Amino acid sequence: MKIREIAEILKGTVVGDGDVAVERIAAIDEAGPGELTFVANLQYRAKLATTRAAAILVHPGTECPGKNLIVVKDPYAALGKLLALLYPIETAPPGISPRAFLEEGAEISPEATIYPGVTVCRGAKVMRGAVLYPGVFVGCDAMIGENSILHPNVCVYRKCLIGKGVILHAGVVIGSDGFGYANPGVENLKIPQVGIVQIDDDVEIGANSTIDRATLGKTWIKRGAKIDNLVQIAHNVVIGEGSIIVSQVGISGSTRLGKGVVIGGQAGLTGHLAIGDHVQIGAQAGVIDDVPPGSIVSGSPHLPHREWLRVVATLTKLPDMRHTLSSLAKRVEKLEEEWKTRY
Amino acid sequence: MKIREIAEILKGTVVGDGDVAVERIAAIDEAGPGELTFVANLQYRAKLATTRAAAILVHPGTECPGKNLIVVKDPYAALGKLLALLYPIETAPPGISPRAFLEEGAEISPEATIYPGVTVCRGAKVMRGAVLYPGVFVGCDAMIGENSILHPNVCVYRKCLIGKGVILHAGVVIGSDGFGYANPGVENLKIPQVGIVQIDDDVEIGANSTIDRATLGKTWIKRGAKIDNLVQIAHNVVIGEGSIIVSQVGISGSTRLGKGVVIGGQAGLTGHLAIGDHVQIGAQAGVIDDVPPGSIVSGSPHLPHREWLRVVATLTKLPDMRHTLSSLAKRVEKLEEEWKTRY
Amino acid sequence: MKIREIAEILKGTVVGDGDVAVERIAAIDEAGPGELTFVANLQYRAKLATTRAAAILVHPGTECPGKNLIVVKDPYAALGKLLALLYPIETAPPGISPRAFLEEGAEISPEATIYPGVTVCRGAKVMRGAVLYPGVFVGCDAMIGENSILHPNVCVYRKCLIGKGVILHAGVVIGSDGFGYANPGVENLKIPQVGIVQIDDDVEIGANSTIDRATLGKTWIKRGAKIDNLVQIAHNVVIGEGSIIVSQVGISGSTRLGKGVVIGGQAGLTGHLAIGDHVQIGAQAGVIDDVPPGSIVSGSPHLPHREWLRVVATLTKLPDMRHTLSSLAKRVEKLEEEWKTRY
């Protein structure tokens, strides 16, 4: 494929020789002749000069004489488009394995792909185009929407609803009991969790993440939200449309996120919070209170990001400050004594 | 069901019309006619006035003219009782699927429920009333006690002992090797982990949590302890009776918890610690030393909770303090010079 | 076995009666007659005097009159050797279960052990001596090397390469999609992840840990690295030879670790970092920048360990410092006024 053609597909422009052909895509360090690479992160811009790649996807304004550039508005998005084009996902042919375990009363589209070792319980529905890999469990009365992919050993408990085009990576658990006990640490009386989990269209959830069912009502992951690996979403949480939750985040019960919220890795949110639209939460933050729309917060307990930066910058000065303070106290004491002595 | 009858079951009293009937239970925001709701968290008390619920479970002393209240000592516990009554868990009928994988020498009660795709290895025992969902693995010589429920894809390694009435949610791993290597980072010589995990009666463990087997002896989760999702319990840890471990907590090797310990989400404990009875550990805390019974600790490294609150409150003042300190230093220097000049 | 013989195997020396026989190994608190124990952690040295063990593995220089000691250079390593000798792992006999799910075009050595309920997809290879427990999934064109053990419900996605002598504990996920979206929080355009995961020989990975496949190229866990439970390794990360990653650590995309790096539990590393050989990172640290070889860092954001210790020691003084500062400010103000009044 000539890079002139690629530029056309990506609505970009070529700087250099548009007739150069590329066959594969590779990272900037590894790319060689016949390979296309990209610079999405400006940190890697310095590698432009030394890469052996035949052509490079770059941001507008990037210059590198002697190299063949394809200039596009968003090189990372362009890379995504190109990868989807060049490396199409191989879909397994539809069909229901005779070695799957299907309870009577399960409704499975003949256009779904059901691998051996899948379990679908009574009352559950699996729609056309859905792919269920080995070890997937779909509980009673659950629903798996069109074209959704459930990777090996995903477990969807009873009554939970999975939308269309959802991707659940291996080991994801949807609808396990929320963690609710009355008189905790003393009686630990279990509160039955009789609600569900609803996952809307185009959500993707990473390997071994867990989404608990609601006590009453539903835990709700809204359209287009993307959740990384090993994330914990507790009962009755609501994740707004298009939100991004990075790995190992934990969100406690009944907290509600607005649209387009972005949460960095290992952050934790306490329960019953309202997090506004487009809030950004730093990695390892501990959020203990409502956060208004559009805010950026960091730290544990959380602070506005700029304030947190100032605190962090001061922290390393703390031992010096303590020393200065103690010497200052002595000097003031001396001054006071001299003053007292004289007057 | 009339709310008068519900109040009787819960040993509560009706304020309002005891003849009102309710059919379902719902959260305070969603509840409508024919539905009962509850206010367990005082944060939600303001919603009492606006809920459309037919009746509300409330704490003693709660008033809301015009609403039908059922006043009980502990509304959350009362909710639990009521949910268990109205939404009984549907138990699968006992029986052993011919599509389960049973090694010779596995002993399984005919009154247990063994789904297709379950594996039980030689020497293992599964007692009456136990339910093993698809994908469950029970290793050689392991034991699953009466009425315990192992959700899909739970793995119990060889020789581990699971008591009665235990609930293990999907993806839980019991008895994987503890993390022990001699000369770590250099030789990494594996220390074989030849101990077991023992889980006593009435324990519940959340989805994808992992409990490592002991190097020697046992890792021990005592009666009635409740562990949330994605929790890590290392080799030779002991969790005392009735303890509550919230999601994503990590407890390092050989640490021993007393009774009724409560640990908040994402907290971490280093190894070889003694944590006393009824200790409370805050979310995201880092506990690096023994904690005496009844203490409340927070922060990383941990501090007594009140002390930690004071530190945290001061943290945000740190940039101001630094500024004040520096201006004060100049002022003292000026005073000292003026003094010196004059005398 | 006489302890004289054990000492010979371990290249240690006996202090006491070398003719005493031991049959089992037990922890120092539980050991009794006929049992050998050890003191590897100096914290437990005080228990030497009270243990009922027949003999004790100890460090050089340890004294305990009246006890039978086996003095070895590294008691923990010696324990490892002895456990491997006395408690050999029972290997299942080789053979391929007719109840495994093998796609046409899967190549499986007849000397591998394939349990029922295992899936091996087309183009995948499983070498001699490998053991695949029930529920294991090996995707298309993946490779499982000689003598590797995949515990129940491990999932290896397509094309990923597992070396020789690798141990993957239950629920490990290798090769799930890296978390990459263009225009995150707004468009969330998925970047297809077309790279692989390569795991070299003698790596061990703990239960329910997740290793994402690379966007392009490979995520690479090098020879002899040991990874604990519930760890997250993102796309394109490189883990150097012999590194030790404790439970619940998260490493973000494209970060590269050198050899023999040791990372404490729950630490997090941001993306695109270079971590030098033999770096040590404290538990719960947040590493946000490159770390030079041989450094020790702690805290979040991370600091050199000694500096972090000083900061932490000062933190608890912060409320006092604030008080001192405020009283000092008043005293300086008073001095300034007195000075001004007089001159």
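The chains carry the letters A, B and C, assigned in the order they are written, with residues numbered from 1 in each.
One rule holds for everything that comes next: a contact is a pair of C-beta atoms (placed from the backbone, for glycine too) under 8 Å apart; a residue touches a chain by one contact, two chains touch by 3 or more.
All figures in this text were calculated on a predicted structure; none of them were measured in a lab.
Visitor: Between copies chain A and chain B, are the contact residues mostly the same numbers or mostly different, with half as the line?
Guide: The interface of chain A with chain B is built from mostly unshared positions.
Visitor: For the two copies chain B and chain C, what rotation in degrees overlays their C-alpha atoms? Round to the nearest 5.
Guide: Rounded to the nearest 5 degrees, it is 120.
Visitor: Using CA atom averages as chain centres, what separation in Å is found between chain A and chain B?
Guide: The separation of the two C-alpha centroids amounts to 24 Å.
Visitor: Mind pulling the chain C residues that touch 2 or more other chains?
Guide: Within chain C, residues 117, 135, 153, 171, 208, 230, 248, 266, 315, 318, 321, 325, 328, 332, 335 contact more than one other chain.
Visitor: Given the complex with chain A, which residues does chain B contribute to the contact?
Guide: Counting only chain B, the residues touching chain A are 25-27, 30, 41, 43, 74, 76-77, 79-81, 83-84, 87, 89-90, 97, 99, 115-117, 133-135, 151-153, 167, 169-171, 204, 206-208, 224, 226, 228-230, 242-244, 246-248, 260-262, 265-266, 278, 280, 283-284, 312, 315-316, 318-319, 321-322, 325, 328-329, 332, 335-336, 339, 343.
Visitor: Could you pull out which chain B residues touch chain C in their complex?
Guide: Spelled out, the residues of chain B in touch with chain C are 101, 117, 119, 135, 137, 140, 153, 155, 157, 171, 173, 176-177, 179-192, 194, 208, 210, 212, 215-217, 230, 232, 234, 236, 248, 250, 252, 266, 268, 270, 272, 286, 300-301, 303, 307, 310-311, 313-315, 317-318, 321, 324-325, 328, 331-332, 335, 338, 342.
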